[in-house]
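Okay, got some structures for you below.
Both complexes shown next keep chain A, but they swap its partner, so chain B is in the first and chain C is in the second.
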Partner chain A sequence: MSQFFETAGFGLVTASIIALSAVGLSLQFGVSNVPNFAHGEFLTLAAYGLYVGQQLTGSLLIGALIGVVVGGIAAYLVNLLVVEPFVKKGARVVVLLISTTGVSLIVENALGGFFGNTNQIVALPQPVAHHLGPFIWTTTDLLVMLTAVVAITGLYLVLRFTKLGKAQRAVADNRVLARACGINTEQVVAITWVAAGVLGALAGISLATSGGSFGPGLGFGFLLVTFSAAIIGGIGKPFGALVGALIVGLVTEWSAFYVSSGYKQVFALSTLVLALLFRPSGLFTTLRGPAVD
Partner chain B sequence: MANEALLTTEGLTAGYGAVPIVYGVDIIARRCEVTVIVGPNGAGKSTLLRAIVGEIPVLAGRVRLNGAEVQGMPSNRLVRLGMAYVPQVANVFPSLTVRENLEMGGFRRKSGVKEKISEMCDLFPDLKEALKKTAQNLSGGQRNMLALARGLMSDPTVLIVDEPTAGLSPRYEAVVWDHIVRVKETGVAVIAVEQNTRRALQGADWAYVLVLGRRRLEGTGAELLGNEEMVQMYIGKRGTVAAVANATGTQEEADRESEVGSKP
Partner chain C sequence: MAYIVSVATSTAIFAIMALGLNVTWGFGGLLNLGFFMFVGVGAYVSAVITLPGAMPPYTSYILGLSMPFPVGALTAMLVAGLLALLIGSVALRRLRADYFAIVTLVVTAILAQVVNDQRTLFNGSIGLYGLPQPFADILNTDADTYSYFFLGMCMVIVVAVFWFTRRLQWSPYGRALRAMREDDRAAMAFGRNAYVYKLKALVIGSAIGGLGGALAAHFVGVWTTESWTIGEALLIFACIFLGGTANNFGVVLGTIITAGLFQELTRFLPQIPGYPDAAAALRWVIIGFLLIIVLYVRPRGIIPERHDRDPAPLPAASTL
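Moving on to the complex of A and B:
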């Protein structure tokens, strides 16, 4: 039984990383209505930002800050240079899907070409184990979970109580009407992309520091679980993605322990299929369609 | 200055893509007046409004708002210049509360949002009780009230309303029109498109009859209501697109407008 809870503890750490990534993806989709298959690259670029920053300054914290900035800028540029031009020309969803996948491939291969395809090592302090009830977490684990809680709580407060957050929800509901209210919808969408990039960057940094090393495929490999969590929660519903992340995180870690770690992705996808069999639009959608809640 | 022209269109031609739906339309909306645009289904009424508010391209002609040329300007910039637009459908943010909907209506306000919400609650008492409800839980009538109130939150000089009573019961129709008349008395120029022609003409200070994208008639609401032949021909029960097309244009024109105009 104690192993069940210990594994659940790892599951919560994994869920925190998935949540950071999936909440960002779901928020960006809810507001812009664009499926972004380059989202994984925000994670990868942030991890490389962390690595380069740490190499240059010797500080993990400064490296992490650089990683966050890199993730935010990357998301802004993907929207500005790739997505918006297609949207303005009235491109269909499938075109956006292919073009963002293209961005992902370009970034991954460019990073491989520049840094090499071998894994980069993040220098971490000696791990210290903390026993909290039935769970065992390292300091890094606790920092990862704290980061997720603070970032997602911050996002909730912004969406619920600030003028910008309400404008984001308004744009998600009805972009034409939002414009008729005087909201600069393009600006709101651009800010949302940056927020998604920052959340993705936090996920990438968490993933790199949890594993200790990473390569150019870091984010792309994580895209499947990110989409699983986002879709289970109801794509476009960022706080649904939070619950989706919790389910996927726990299921993957339990499956790794009780079955085999090689089946993690199989179980993540099986959970997605099972959830969609009962709730085809995700757990937290209503018949009215997607909206940022 | 009462009755000054706040919004005018001169030879406005507009449509979806390069295909015109309205042709060379001139209208004037004056302060403290309700100007209505009526006509059979597919006449181009909503298309005309969408062109004025910058949601579809203007192919030719001018739109002047408070003296400034604004054709082709996006709707978020028109709000700053004093225009508010209430679409026919999807006219509220369903997942936002009534209060948040009103706050979005006042998005461009530098200050006084709370006071303005309170003012709107006085003007539309139904909303006061529902401030914490999400808009998707309102009745059709309450939604239309909220849509009007949201439009007024920015203190517009020109309020443009597309079919404010669509889908409402006769009791709510009367209530909505009563509010529209009250809005004009606050110094606003109101432009309304309506399917319920008799009701609209009763509340209109000036009215235009649009047929197949062209302005056919104009006059005070009372004048047009008194013109029995015109009512029978253009806006009575027999004023369908097909009947009007036979009298004044081609069926293809009517079909095209019906088809394109019905797109969201």
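Moving on to the complex of A and C:
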């Protein structure tokens, strides 16, 4: 039974990383109504930002800050250079799916070409294990969970209590109507993309530091898990994604322990297939039907 | 010369795959990002049917029947089609484009992982090798003449698939399918079951993809999970977008330009000292840019879809 809780502890760490990524994705989808298959590249770019920053300055913290900035800028540029032009032309959802997948192909291979396809190592201090109740976590684990809690609480406060958050919710509900009310919708959408990029970057940095090494495929490999969590929670509902992340994260680590670590990804992704079978519009559907369709 | 024959053969095989994907995506409007899963399954199935029995502990895989290539290719189509039926009957239930695309990607990832880890299935991550050359035992010719024969065989199959999909496009089924691609609800209002129509489009396209996979595997002689990447699927999408979605001539032209010229010419990119992976990566970067630029500048492709063979709408319908 103690192993059950220890594994659950790892599950919470994994869930925190998935949550950072999925909440960002879900928020951006909800506000801009664009499915972004390049979201994984925000994670990858941030991880490389962390790596380069650490190589140059020797500090993990400065590396992480650079990673966050890189992720935010990348998201801003993807929206400005690829997504908005297509949206203005009235492109269909499938066209946006393909173009963002193209962005992902470009970024992944550009990084692979420049840094090489070999894995990069993140230099970490000697891990220290902390026993907290039935759980065992390293310092990195605790920092990852703290980051997720702080970032997502911050996002909740912004969405709930600021004028920007109100504008974001308005644009998510109805972009045309929001514009008619005098909201600068393009600016709100751009800010949302940057927020998604920053959250994705935090996920990428957490993923790279808890894994210790990463390659150019880091983000794309994580994209499907991210989408699983977001869809289970009902895509477009950022705080539903939180529950989705918890489910996917726990399933990942429990299946790794009780079945085989080779199959943890298979189990994680199977939750999505099951969710789509039984609750196709997410766990938290309101009586009025899905919020985004 | 041998090089040109080899490029022509691989382009012909890509054309078969692109024509198949064109049924699913071009006519049916289904964003099957996992298309290469069906190609891969076709390749594996044809391989284990034509290969002799496995020799543990060196190799391990199921079947190993030493059957001739046509049996392998037909079974490949059948299995790819059945897999499409299974996946489609779940994934197409809610006809939402983005969910369908994600599910196809997810199932591809799951299958690739299982094939990689279960060595008993298709020899795990090592993959299958030493695939027999189709009809080589009957023909009994030298390697040079055989390569022409293989090219000829692929060309015949391209023509057959071209003819079949063209017939399909202008059939009542094809017309209804393309109408649904534009507007599900309108087509359903005329009593068509969109779910069944789209499921058929997925199954037919995937079966053709399985055939392409079988040819590709026997052409190269080896098949591993390495070839299950999203890039491969996007390459075929790029062929279709560039040439012209839902136009067979366009799809073939797009394949010649993208899979033939682009893929091959970029192989000759110079190596950059100090960046060993750059040349290979640059090819994919170029494909990515090609995809986005074509979608933006000419979303309907070089030769757009034709509508002149569709019956003109009735006057009453156009005023609705």
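One rule holds for everything that comes next: the second predicted complex is superposed on the first by the 286 of 293 C-alpha atoms of A that agree within 3 Å, B and C clash if a C-alpha of one lies under 4 Å from a C-alpha of the other, contacts with A are read in each partner's own complex, and residues count from 1 in each chain.
Simple rule for what comes next: a contact is a pair of C-beta atoms (placed from the backbone, for glycine too) under 8 Å apart; a residue touches a chain by one contact, two chains touch by 3 or more.
In this text the structure is predicted, and so the values were computed from the model without any measurement.
When both complexes are superposed on chain A, chain B and chain C end up sitting side by side without clashing. Of the two partner chains placed around the shared chain by superposition, chain C is the only one that A:Ala91 touches, whereas chain B remains out of contact.
By the touch criterion defined above, A:Val70 reaches neither chain B nor chain C.
Annotation for chain A, partner touching more residues between chain B and chain C: C.
Contacts of A:Leu224 after superposition: chain C is touched, whereas chain B is not reached.
Looking at the shared chain after the overlay, A:Gly102 reaches chain C, while chain B stays out of its contact range. Computed from Cα centres after superposition, the angle at chain A between chain B and chain C reads 90 degrees (steps of 10).
Looking at the shared chain after the overlay, A:Ala170 reaches chain B, while chain C stays out of its contact range.
Look at A:Leu276: by the touch rule set out above, it reaches chain C but stays clear of chain B. When the two structures are aligned on the shared chain, A:Gly113 is found in touch with chain C, with no touch to chain B. Of the two partner chains, chain C is the only one touched by A:Gln265; chain B is not.
Nearest C-alpha atoms belonging to chain B and chain C sit 5 Å apart in the superposition, given in whole angstrom. On chain A, the surface touched by chain B in one complex and the surface touched by chain C in the other have residues 293 in common.
Put simply, chain B touches chain A in their complex at residues 53, 55, 74-76, 79-80, 84-87, 90-96, 100, 103-105, 107-108, 136, 150, 154. Considering their complex, residues 29, 31, 33, 90-91, 93-94, 96-99, 101-103, 105-107, 109-110, 113-114, 117, 230-231, 234, 237, 241, 275-282, 284-285, 287-289, 291-292, 295-296, 299 of chain C touch chain A.
On the side of chain A, the complex with chain B involves touching residues 163, 166-167, 169-170, 172-174, 176-185, 288, 291-293. On chain A, the positions that touch chain C within their shared complex are 35, 82, 85-86, 89, 91-95, 97-99, 101-106, 108-110, 112-114, 116-117, 220, 224, 227-228, 231, 260, 262-263, 265-266, 269-270, 272-273, 276-277, 280-281, 293.
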